[in-house]
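The two complexes that follow have chain A in common; it is paired with chain B in the first and with chain C in the second.
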Partner chain A sequence: MKPGTRLKSAVCDTEVMVIRSGDGQIECGGAAMVEAKTGNTGEPSADLAAGTLMGKRYVDAAGAYELLCVKPGKGSLSVDGAVLVTKDAKPLPASD
Partner chain B sequence: MTQIMKGIKVVEVAQFVFVPATGAVLAEWGADVIKVEHPVRGDAQRGMRQIAGVTFDPVANPMIQHPNKGKRSIGIDVGKPEGQALIYELCKDADVFLTNYLPAVRQKLKIDLEHIRAANPQIIYARGSGYGNKGEDRDRGGYDATAFYIHSGIAHALTPEEYDVPLTMGVGGMGDSQAGMHLAGGIAGALFHRERTGETSEVDVSLLSTAMWMAGMVIAPYLHTGKQMRVGIPQAGGSAWNPFMGHFPTSDGRAISLFIMVPDHYIKDTFIHLGLPEAAEDPRFASGAKLTENSALVSKMISEAFAAKPFDYWREHLKTMKGQWAAVNSFLDLGDDQQAIANDAFYKVDPIDGSPPLRVVRGPVQFNSEAFHAPRAPEAFEHTEQILLEHGLDWERIERLKTAGAIA
Partner chain C sequence: MNIALLLEMAAEAAPDRVGLVCDGKRWTYAELLAAARGAAELIEASGAGHVALLDESSEAAVVALFGAGLAGVPYCPLNYRLADADLAGLLDRIAPALIVGDVNRVERLSTGKGHSIHLRAHFVDSAQAARVAEGREYDQGEGVAVQLFTSGTTASPKAAILRHSNLMSYILGTVEFAGADEDDAALVCVPPYHIAGISALMSSIYAQRRIVLLPAFAPESWIKLAEAERVTNAFVVPTMLSRIIETLDASSTNGEEKVDIASLRAISYGGGKMPLEIISRALELFPETGFTNAYGLTETSSTVALLGPDEHRKAHLSDDPKARTRLASVGQPLPTVEIEIRDEDGRCCAPGEAGEIYVRGDQVSGEYKEKSALDAEGWFPTRDAGYIDEEGYLFLSGRADDVIVRGGENMSPGEIEDVLLTHPDVAEACAVAIPSVEWGEAVGIAVVTREGHVQPAEADLKELIRGRLRSSRVPDKVLFVEQLPYNEMGKLLRREVKVLLAD
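Coming up: the complex of A and B.
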């Protein structure tokens, strides 16, 4: 998948921009994501319905995949069934 | 909506509140503000998630909003040469470079004046510091709780003289937000000057200079006379000099403050509003000087009047009073304050997780009485690729930079 490609969830509103990817299948809500869609083909599967957050990056453990959420939805992102996690800033704790 | 900074591009390499708040003000005014964040840690402000015993989820954290509304975020490691090259590329057509990094760090990261001006000789270089850009303390880091509040004498001046150590600065970020506004004002002036003359400038504001300016009204006479007034432990009731000045508890344990500094014209109206019509006609209280003579008695009468009715009664009832007063509000009261709301004091930003909107304070300057607003603060590194593509980088180079750890 070429970086910059926009992928849409087949089962919710989620859209991502592919920043990095390998040859695996990129999924949302358990269903393969597509470049063009006409409508949702079903619901996210129950164990892949934690939702996506606008502006968050989703990565795999090996660092081979990175997806930037450009439109949030109900499904969770995964690659070949392995759930992706958000890549968050890791600031030192502070308090005021 | 009037956007006085529309078309102005700002590159911000800054953390915490002070200088980021400058970027937020410029963004509210319409500028395109690119916030550069460390690709792993992000802005240290993102670690500020606790206040008043509450810990916020990082995705719906109001503490990142105030200093970062309306910006775009890019993750760049400025410690790497590839990262520095990117900073220079971003600065090439930027109008303003904004930083609160210390001089030694700016040198090490090669983002000091000479490095940024080499990329763009016309850029306005704006620095925020703890103690100023000159003198030995220019190299010293500071927060508003040190440089602004303590070093400046503000803490000492606010603390009752009975105490040996100063009051805690009970309003986090109060020096930062003010200093940030000053720096935004300085930048506006520098842009105006550059527009008229073609000359660019450096702009400096420090937390210390901000506090001293805030206190300038009294610092001048104190230095002139060598004498400084100290406050005492707060007391309820009117002052001995002018009983129309003071803090008066209400029947429900709250308080109303009177500050009728020049009372003569307000005597009758004040007494009538306080439910003391006989005092309004009493020759013992007929002038400011007479109020002073009888201050203990007047203070007692006013105190008893306030103590007879609740806070909400007084807040409503005193609306028609001509003399100067204020209800002793908390910040929580301000959330429902009709006057603040009538002046568009707040606007809402939507957290990315769909949780309830966060109310944030709008910048204090209005143009044409319009209520401008900016969208939510960016997630860390939310716009990295978008910004790099806009600057002509291709995906191949973006991938190389990512692999090198220079961007996130």
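Coming up: the complex of A and C.
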């Protein structure tokens, strides 16, 4: 998936921007995310419904994937079934 | 990824929150986004290849920056302080452009170039009134977001290019989305054509920190605005801080009513060398304020290294002279940036050893319109000289290419020398930086009198420069010498001239 691609959840309101990506399948709420959608096609699966937070970056363990949440929703983000976690960077003082 | 995403996200999360205050008018994120989207329509309709701002800071800077981003056209704020001849050259280079600001000057200097020129109010009003089709698509942000003309040493300014990807890496890597408190406000007083003026807009919008614009800096108005808007954050260049402190000190000795700027939690500074006495005085005058020294360049999308508030206090309070010197450091690289010092042969320097500063990272563009300055491994040679100490703190020791940085303003020695050489009694001339408590650096000149001529008066040389260039170029010190020092290749040894003038 190309950096800058905007993906939408098929099962909740979540939208992400792809910052970094490999060839795996990016999912939200257990369902593959899509570039264009007309409406939700179900609910997030129960074990993938922790929700996404606006402005958080989500990464996989290997650091191959990074997604920026630009619209929050009820589902959890995953790649090929492996749940992504938020990237917690040490806050920097404002410098400009 | 388009930089407009920053404003879109702020408007999505907090549409009614005030994002910007300028000249008493308040703009919410939703209003700013709507105006930027309208501006994108104007820009597209104009067929412009660049969007330029020839104006002081205002809401138009935000509208033009993000409007240009949405339309996929580079935003190119211009230095309105440039002399006519220089500005005319730049206006021609960006033609045809949609230009906001000084309509008369553009019409006078760059006629028949196909520019679409708007007064500030007209541009903002038209952007707000523009019809935007529902669900329309915008530029993907794969190209150039910002183009800034650097005031380099060469005669013709270089067009530094910052891609959407550079600026987005910088913001996403350094700013927490919506990380600011509802009451936070950042006072922005750097000019819009400076990289710090652009990054300040993006950082604050993404953090949802209210931007308070001060279009023209004066210490009294800075203090007044900081008090009135309960400002919490501010960025200044060293000269500004020095003048603010002077004004505060003067008002307290005059027994004037005490100003209340205790809301100021954080002051960051950069853009030139901060004299130790000034920062020490500032730390005493603002005991509760966190100071951050930021080092960065246009070509690196602003900050690449910083010295944080705790490090300032620690160095300031230390009795150890070595620890105290850290106050003069620009700190450590950002976690997302690598910094190396290299000697003239390109080898990495040992700790404490001075060389040229190289920077690498996604935010580093190192690219000019003509060519990229990055090496094969992606390192950008900054042309700044410096060293890194044993604990990884970066110290700057001047500009590798002898640019004079007076109060945050970069001046090339060449332009001053060129003017001096037009004097009939001057055979050779060299302009260098000399230390100045007030400005960080000021101009010093060494002059060789033409053979058989009478030595010109100091005042005449100063008058000559004042008449042809800006007053900031007028030398503080003039030295007449028998000859200038050159190396065997005929290259002027500016370092030696500096030593002569320092005496």
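Brief remarks on what is shown
Here is the rule we use: the second predicted complex is superposed on the first by the 89 of 96 C-alpha atoms of A that agree within 3 Å, B and C clash if a C-alpha of one lies under 4 Å from a C-alpha of the other, contacts with A are read in each partner's own complex, and residues count from 1 in each chain.
Following the convention adopted for this analysis, contacts are C-beta pairs under 8 Å (C-beta built on N, C-alpha and C of every residue); 3 or more make two chains touch, one makes a residue touch a chain.
Only a predicted model underlies this, so the values are computations on that prediction, with no experimental measurement involved.
In the superposed model, A:K71 lies in contact with chain C only, and not with chain B. Legend: residue contacts after superposition of the two complexes on their common chain; A:P3 is shown touching both chain B and chain C.
In the superposed model, A:R20 makes contact with chain B only, not with chain C. Once the two complexes are laid over each other on the shared chain, residue contacts for A:M54 go to chain B and to chain C alike. The partner that reaches more residues of chain A, of the two candidates chain B and chain C, is B.
Legend: residue contacts after superposition of the two complexes on their common chain; A:P91 is shown touching both chain B and chain C. In the superposition on chain A, the residues of chain A contacting both chain B and chain C are 3-4, 17, 19, 54-57, 68, 89-96.
Residues of chain B that touch chain A in their complex: 37-38, 40-51, 58-59, 63, 172-173, 352-354, 378-382, 385, 389, 395, 398-399, 402, 408. Note for the complex: chain C touches chain A at residues 1-2, 5, 8-9, 12-13, 140-142, 165, 172-179, 186, 196, 199-200, 203, 207, 209, 233, 235, 266, 268, 270, 290, 292, 294, 296, 302-303, 306, 308-309, 334-335. The part of chain A that touches chain C in the complex is made up of residues 3-4, 17, 19, 54-57, 68, 70-71, 89-96. Listed in rising order, the residues of chain A touching chain B in the complex are 2-4, 17, 19-20, 51, 53-57, 66, 68, 72, 87-96.
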